[in-house]
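Below you'll find a set of structures to go through.
The following pair of complexes shares a single chain, subunit A, combined with subunit B in the former and subunit C in the latter.
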Partner chain A sequence: MKKRGIGVGLSFYGTGYGNGFPDISRAIVRLLPGGRIGIYCGVTEVGQGAKTAMIQIGAETLGVTEKDIDLIHEDTSLMPDSGTAAATRQTYNTGNAIKVACQNMREKLFEKAKVELGLNSTAGLALEKGEVVLSFFPQKRISFKRLSEIYKDETIEAEGEFVAQTTTMDPDTGQGAPYWPYTFNACAVEVEVDMNTGIVNLLRAVFAQDAGRAVNPHLLEGQMDGGFAMALGYTLFEDLKLENGVIKNNRFSKYLIPTAMDMIDVENIIIEDPENTAPYGAKGIGEPVMIPIAPAILNAIYNAIGIRITELPVTPEKLMKAIREAEVNN
Partner chain B sequence: MVNINFTVNGKPYEISIDENMRLIDVLRDELGLIGTKEGCGEGECGACTIIMDGETVNSCLVMGFQADGSNIVTIEGLEKDGQLHPVQRAYMEAGAVQCGFCIPGMVLSTKALLDKNPSPSDEEIREGISGNLCRCTGYNKMLIATKKAIEYMKGE
Partner chain C sequence: MDIKKVYNSKSVEEVIDLLGEYGKKAKVIAGGTDIVIALNKNVIEPEILIDISKIEELKGIREEDEYITIGSTTTFAEVVESQIFENNLYGLHKACKMVGSPQIRNKGTIGGNIANGSPAADSVPPLMALDSIVTLKSIDGIREISLEDYYLNPIKEKELLINIRFKRPKDNQILTFAKLGLRKALAISRLTLSSYIEFEDKTIDSIRVASGALAKFPMREKEVEDYLLGKSLEEKTIEGAIEVLRNSMDERLKGRSTLPYKRVAISTILREILEEALAIEEGVKAW
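Let's look at the complex of A and B:
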């Protein structure tokens, strides 16, 4: 016999290191030969899309396309530190540092353009498709390329830094506001529990994630799918057997992670509610995308068969034992 | 040492290898084709997938001498005249790549599936790439990529 149920899981997640710990990102922006823009920043790409998102934030701030930017990263001899690619902090923290650096670079470019265009002031200057333009008299304009030729013996660059604002919790009471900003999400699933085998099958999943602003919706969906799959694994399959600190099942044949056949199509919903301290409103979502999935699945199992599971993973053996115990107790 | 003759990505090779060498080591260390990745080294993860005589195999589980007389395609063999294979292009466009480690094997499994079954169902696509583990993507963008690739290959 198979029984169906639905369940919902909700979470809110504090991004960044939090709890008053210094959380600092830095970036340098430099005008390169040919008028290209170099962003030197210790942001680390591990597949989550940081490189793409950081280039997008730089391009937006400097009025150029993504193709006009070279991101030089992951080499500590060439760039300032931007902290770890952890704590769901790169989009918010390092994105802010890049935005500040690019804003400072605007001023540097305006100063040079003022001289070359013979202007009284930098007021009214704007950046447009790789050029500095006087907005009320657009015939007055000079390209980044031309500036790079004129100032080829001088480095035109600007720095940017962002220090996240967090406060320490009261060590006695554990009370306080350790994180800022928070991100929110919700997941609903429908499951089918096989009462004879203890196997839990997912039938449907809807997943909504607050991102502040989706810098790249495509990559964001990828993170949501990935977080869902990873959480599906730890909820239903992944059972790390430790004995005296040694992992006994350190093989993919003994430690099961989801394959494409275990995963289902997830209906992803991106919620955009811009955070006013964030770069263009964007917050990180890397870790929180895993959090509401297990509660949703466990609630759905409860809804289906009336049994509360309090230990992960819900392997078929464990679920069968719980089903038998419930039968005996009734 | 043992001599083997085989074809890799359309190019004939005649090389002398140690009898105890695995095919993945022949490809990576002897031929320099490092696009093929070693993950678990015991045939569970699929990162080292290559196509051998039309079938996908885990190159960590095949001995080098077993490749004698075979026709092998690795990830380096998919690009033609500077153009990506439709599966590679579709993976890029669909955002099916995150850290990228599983991708050479995943792309070859997708290609092998479409070579045999040009219009698979969703379930058949999932089954076709189920021997390749991916920790990043949740596989769903790979499903989308495969459907895109089907359209591109129909247009060719």
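Let's look at the complex of A and C:
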């Protein structure tokens, strides 16, 4: 016999180190030969898409395409520190540092353009497709490439820094506001529980994730699918079987993770409610995408069979045991 | 691992000569999906490796007279793609389709599944339910043995598994299969069952049921067969069959930690093969 149920899980997640801990990202932007833009920044790509999103933020601020930017990262001898790729902090914190550095770079480029175009001031200058342009008289323009040729013996660069604002909790009461900003999400799943095998089969999933602003919607959906799959494994399959700190289940033949066949098509919904202190409103979603999935699945199991599961993973054997115990108690 | 020589064999004769010469120092490799792991873990340490994957006469599925013969190096993928295993032979198609992953099905072979001797070999219960005969060859000659008896008298070090054959079923003889794995792909079977049922109207005129992962090796479930023989497949019969199989399991797996779970889960798997047989008999395509 199979029983179906629906469950919802919600979460809100404070991004960044939080609790008053120093949380600083830095970036340097440099005009490179050929008019290319180099962004030197210690942002680490761990598969989350930092390489893409950081370039997009820089391109947006400097009025160039992503192809015009070289991101130089992950080599600490070449760039300033931008903190860890952790705490769901790179989009918000390092994105802000890159935006600030690019805004400073705009001013540097305006200064050089003012000289080369023989202008009185930088007022009315704008960046447009790799050129500095005087907005009310667009014949007055000079390309980044030309500037890089004129100033080839001089480095045109600007720095940017973003220091996140967080406050310390009261150590006695635990009260306070340790994180800022938060991201929010909600997930609903429908499951089918086989009452004879204890196998939980996912039928449908809808997942809504607040991102402030989606810098790259495809990457964001990738993160949401990935977070869902990881959480699915942790909810239903993955069991280290720790004994006195030793991992007993140490082979992938027994330590099961979901395969593509176990994953379902998740209907992802991106919620955009721009955060006004964030780069173009964008907040991180890296960790939170995993959080509401297990509660949603456990609630759906409860909705299906009336049994609360309080220990993960919900393996078929464990679920059958719980079902038998519930039968005995009734 | 200390392999001194690998033979890339072109004929069965060459292989059995080599096996005759080297005996237990040699190991035969076809798809390698089991043996490569065993080599890496030093579970086996042969000096000679004999690759049989390029020998034409061991490959493919042939229909001859009343028999269907599957060459030992036929891959699971080849069985899945073959139209022979549609409709009333669907059980073997389904079993082979549930083996591992596409990569494993492309490399792993039917002969390897038998010779490796795993109790959880997915293709074996349906082949056993078909009352298949295994042909083995060595310098001493040809040995034919039913798959059911094979596990009591398995492949010897000088033998090469040539093929496996079974009688082509009639339209009213239906093969089904079901598997309990803990995920939807790359799952080692926790339980498998296969049934071969000959229907006369709705009555079971003859039946063979084979199980996997319920003993040291795949085996026939004769108590269930006896129970179901002559009955018509209805809810009451299915419930009764589940009880009979549970009793057999209780005896066989007494004291095993996996028993409490398996004896409950078996109901879903047994019900699936019986209901599927009925559906195919009634002309509902299973795929």
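Observations on the structure shown:
Heads up, the rule we're going with is that the second predicted complex is superposed on the first by the 330 of 330 C-alpha atoms of A that agree within 3 Å, B and C clash if a C-alpha of one lies under 4 Å from a C-alpha of the other, contacts with A are read in each partner's own complex, and residues count from 1 in each chain.
By our rule, contacts are C-beta pairs under 8 Å (C-beta built on N, C-alpha and C of every residue); 3 or more make two chains touch, one makes a residue touch a chain.
Keep in mind that what you see is a predicted model, and the values were worked out from it rather than measured.
Touch criterion not met for A:E311: it reaches neither subunit B nor subunit C. Looking at the shared chain after the overlay, A:M320 reaches subunit C, while subunit B stays out of its contact range. Of the two partner chains placed around the shared chain by superposition, neither subunit B nor subunit C is touched by A:D153. In the superposition on chain A, contact of A:F237 is made with subunit C only, not with subunit B. Of the two partners, subunit B and subunit C, it is B that touches more residues of subunit A. By the touch criterion stated above, A:G198 is placed in contact with subunit C alone, subunit B being left untouched.
Of the two partner chains placed by the overlay, subunit B and subunit C both lie in contact with A:S253.
Within the superposed three-chain model, A:M261 lies in touch with subunit B and with subunit C [touch as defined at top]. When the shared chain is aligned, no partner comes close enough to touch A:D170: not subunit B, not subunit C.
Shared interface residues of subunit A, touching subunit B in one complex and subunit C in the other, are 253, 258-261. The touching residues of subunit B, when paired with subunit A in their complex, are 40, 42, 44-45, 95-100, 125-127, 129-143. Residues of subunit A touching subunit C in their complex: 194, 196-199, 237, 253, 256, 258-262, 315-317, 320-321, 324.
Residue ranges of subunit A in contact with subunit B, taken from their complex: 46-49, 218-219, 221-222, 224-230, 251-253, 257-261, 263, 265-266.
Remark: subunit C residues 101, 180, 182-188, 260-261, 264-265, 267-269 touch subunit A in the complex.
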